[in-house]
Amino acid sequence: MVFILLNCKTYDEATGTNAVSIAKACRDVSESSGLEIAVAPQFPDLFRVASAVKVPVFAQHVDGSGAGSYTGSIYVKGIKEAGAVGSLINHSEKRLTLAEIEKSLSVLQENKMRSVICTNNVATTAAAAALFPDYVAIEPPELIGSGIAVSTANPKIISDSVDAVKKINKKTVVLCGAGISKGEDLKAALELGAGGVLLASGIIKSKDPKAALEGLVSLI
Amino acid sequence: MVFILLNCKTYDEATGTNAVSIAKACRDVSESSGLEIAVAPQFPDLFRVASAVKVPVFAQHVDGSGAGSYTGSIYVKGIKEAGAVGSLINHSEKRLTLAEIEKSLSVLQENKMRSVICTNNVATTAAAAALFPDYVAIEPPELIGSGIAVSTANPKIISDSVDAVKKINKKTVVLCGAGISKGEDLKAALELGAGGVLLASGIIKSKDPKAALEGLVSLI
Amino acid sequence: MVFILLNCKTYDEATGTNAVSIAKACRDVSESSGLEIAVAPQFPDLFRVASAVKVPVFAQHVDGSGAGSYTGSIYVKGIKEAGAVGSLINHSEKRLTLAEIEKSLSVLQENKMRSVICTNNVATTAAAAALFPDYVAIEPPELIGSGIAVSTANPKIISDSVDAVKKINKKTVVLCGAGISKGEDLKAALELGAGGVLLASGIIKSKDPKAALEGLVSLI
Amino acid sequence: MVFILLNCKTYDEATGTNAVSIAKACRDVSESSGLEIAVAPQFPDLFRVASAVKVPVFAQHVDGSGAGSYTGSIYVKGIKEAGAVGSLINHSEKRLTLAEIEKSLSVLQENKMRSVICTNNVATTAAAAALFPDYVAIEPPELIGSGIAVSTANPKIISDSVDAVKKINKKTVVLCGAGISKGEDLKAALELGAGGVLLASGIIKSKDPKAALEGLVSLI
């Protein structure tokens, strides 16, 4: 099934009560389209969103460190108890060491949570696939927030990523992100072999996020 | 007024619903003792705790980056809208660059939130005081979680910190932490010039946190 | 005495044998002008420069960690034995935590080496001064490499930094940097109370670095 | 050919002139044994060692950032011009993000230098192999500096790493490290499929490093 993940980052339009509204738009469009649309609010909003809206909730990051003396860390049981069912790992705005990526993935898997490792090019996508996450999300950093869709600007990076992942494992699904917001962006991504997309400003900063999501899925 | 801040770190005993229980113990002992006892839960628990318990809630960390493309960051408005009234900055388990400390402090001040900069020795305490936070919390890293109270093991670091801060500004209050858990620890800290304490495992990992808090304040 | 420090960064024009040429320019203009002009080459060039040219050589960074299992770290004895007499600390391109800044400063002082803590605004300058380094170098990050001299664009940040440092200690000298390259820039900086300047691209990327240095000191 | 790489870390016994002595021991034992023995001194010692001793010299780390405003960074051309022929990447004491590992590897390859990516377990070894470095060096962090050889304590991590790498690419050679110092350690490593070893304290902190190296290669 196509998987769409909407990253709230620290946008004011998706903080606090606004995160709840964004989550409701995800739920509504998911129901009307039959596609899975998940949301990744800020940590302080996880509980509020998961309690209020029936939608898959992801964390934007998780640390591999467990229970204990880890002030300020994102503990997997903390996000799980707040209602998260998965997490982004290694987003370009929250890069981790290779050892940390592997550890964060492990703690998600131990807790039966879904994992999305973000990468920046084909080589790092292959490396991430060697760790067997549920998803690898390839996002060329120079296109993030640019309004230029990766599926238009650099279709080859998507198809090459899909090929590179397939060579290494059959389980991991490739998502793509950076500049995705319109129906043709998602359609192109799927045609290039991606299993879904990672979204942010294109939807969240639009005047009507629900309408933007409806546009996104309109060609599927 | 004496200020006691209980840091939940990522202890299982203070995660999710347990964070709410810990917060209730803080509230109860604060009411019975007349001292201010605040709690610093994990980010995903801020909303849940602040909604459920009438107690000052602090974040364990805050980033200076504002609204925008900061996936995984701790946005000051996110923690504020979740109910936090202040934040730790630069805890020994979440060290920041000097520029980040100053920025995190600035965003708290702009949002009229309380600030606690953590430091590791007298020199860094003086440096932190030069930034004019509400509190500087001196915690010798080697004593954190040790069960040996800083006020017993190294009273001079507290009194020297108090002196160093006074030379630089008259507003900032010195807290001390590391190994504090008993009535005599708090009493000694106050006699050395501290305005309060930062606590964690000594209370949270005790069999009865409420009783432990009652013991802590029993000699004041 | 006026102190001028030329940072080679990782410019090709100041790498390897080019670093030796740059150092010779510093030595020559220092001798002709009577001002102290030091150079901060890359770590692999410290020995080569210090062996070949009679000029004060600084490292661009030093770690506080000592001898031992610190692969890839900059060990104070390593840079000292290579001929360095001091080091930058916390350059805006190599930010450190407050605890690390204090530790790096300590190891320099224990080894009787000179210290320059870089800062980004008046508040962090005051904090750095509370640690008692030999120099604090205030460099507004937005002006670094801009070609716009801080002494013209933001003279107040220099005079305020000088005032802030004086309130905290009488020993630390304020340097300023960012965009400095001409005679009037240095003159203005000294008139605002700075004791010298930190330089980089304005000299190193000029067609004739020696002539550029001569221009810099021409109004003193 | 068996490849032995001796990491000087920041040991006093391998700093400055001592690094030259250590390098000479590597050269002598390499000549008498016919095995390749390379040395990785600290950055300030690269030029001194490479100028004085005919031995392959590696850097302990290299940054992917190129020429420019990267104060304190390890520029690939800087280490190359100082005489290095390769570099460690992502040592457990200098961990990098996945994106940085890939970039550091790229700049080494562009400069025709040899690359050793360090990893901590089988999963991260597979991920590193997906980037196609010359070597992956698996070092369980808990055994580093322990005096307990990985080839005795955890032979399976070596053979599993060799298998994992072979599945992903045929070019990358597996090294192993952590606690290696004796002839039987090296022999066991090679029998488990490793192509060589990464060494440090076991040799450098021995009374007679040359004799220790002779012992290391004595069973090959």
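A few notes on this one:
We call the chains A, B, C and D, going by the order they appear; numbering starts again at 1 in every chain.
The rule we apply is simple: a contact is a pair of C-beta atoms (placed from the backbone, for glycine too) under 8 Å apart; a residue touches a chain by one contact, two chains touch by 3 or more.
All of these numbers come straight from a predicted model, not from anything done at the bench.
Listed by label, the chains touching chain B and chain C alike form an empty list. Set against the Cα centre of chain B, the chain with the most distant centre is D. Look at the contact of chain A with chain D and you find the same residues on each copy: over half of the numbers used there are shared.
Centroids built from CA atoms put chain B at 33 Å from chain A. In whole angstrom, the spacing between the mean C-alpha positions of chain A and chain D is 36.
Averaging C-alpha coordinates per chain places the centre of chain B 43 Å away from that of chain D. Contact of a single residue of chain B with at least two other chains is seen at positions 92.
Pairs of chains meeting the touch criterion: A-B, A-D, B-C, C-D. Across the complex, chain C meets chain D through its residues 7, 9-12, 15-17, 42-48, 59-61, 65-75, 77-79, 81-82, 84, 88, 91-94, 144-145, 200-201. Within the complex formed with chain D, the residues of chain A that make contact are 90, 92, 95-102, 119-121, 123-124, 126-131, 168.
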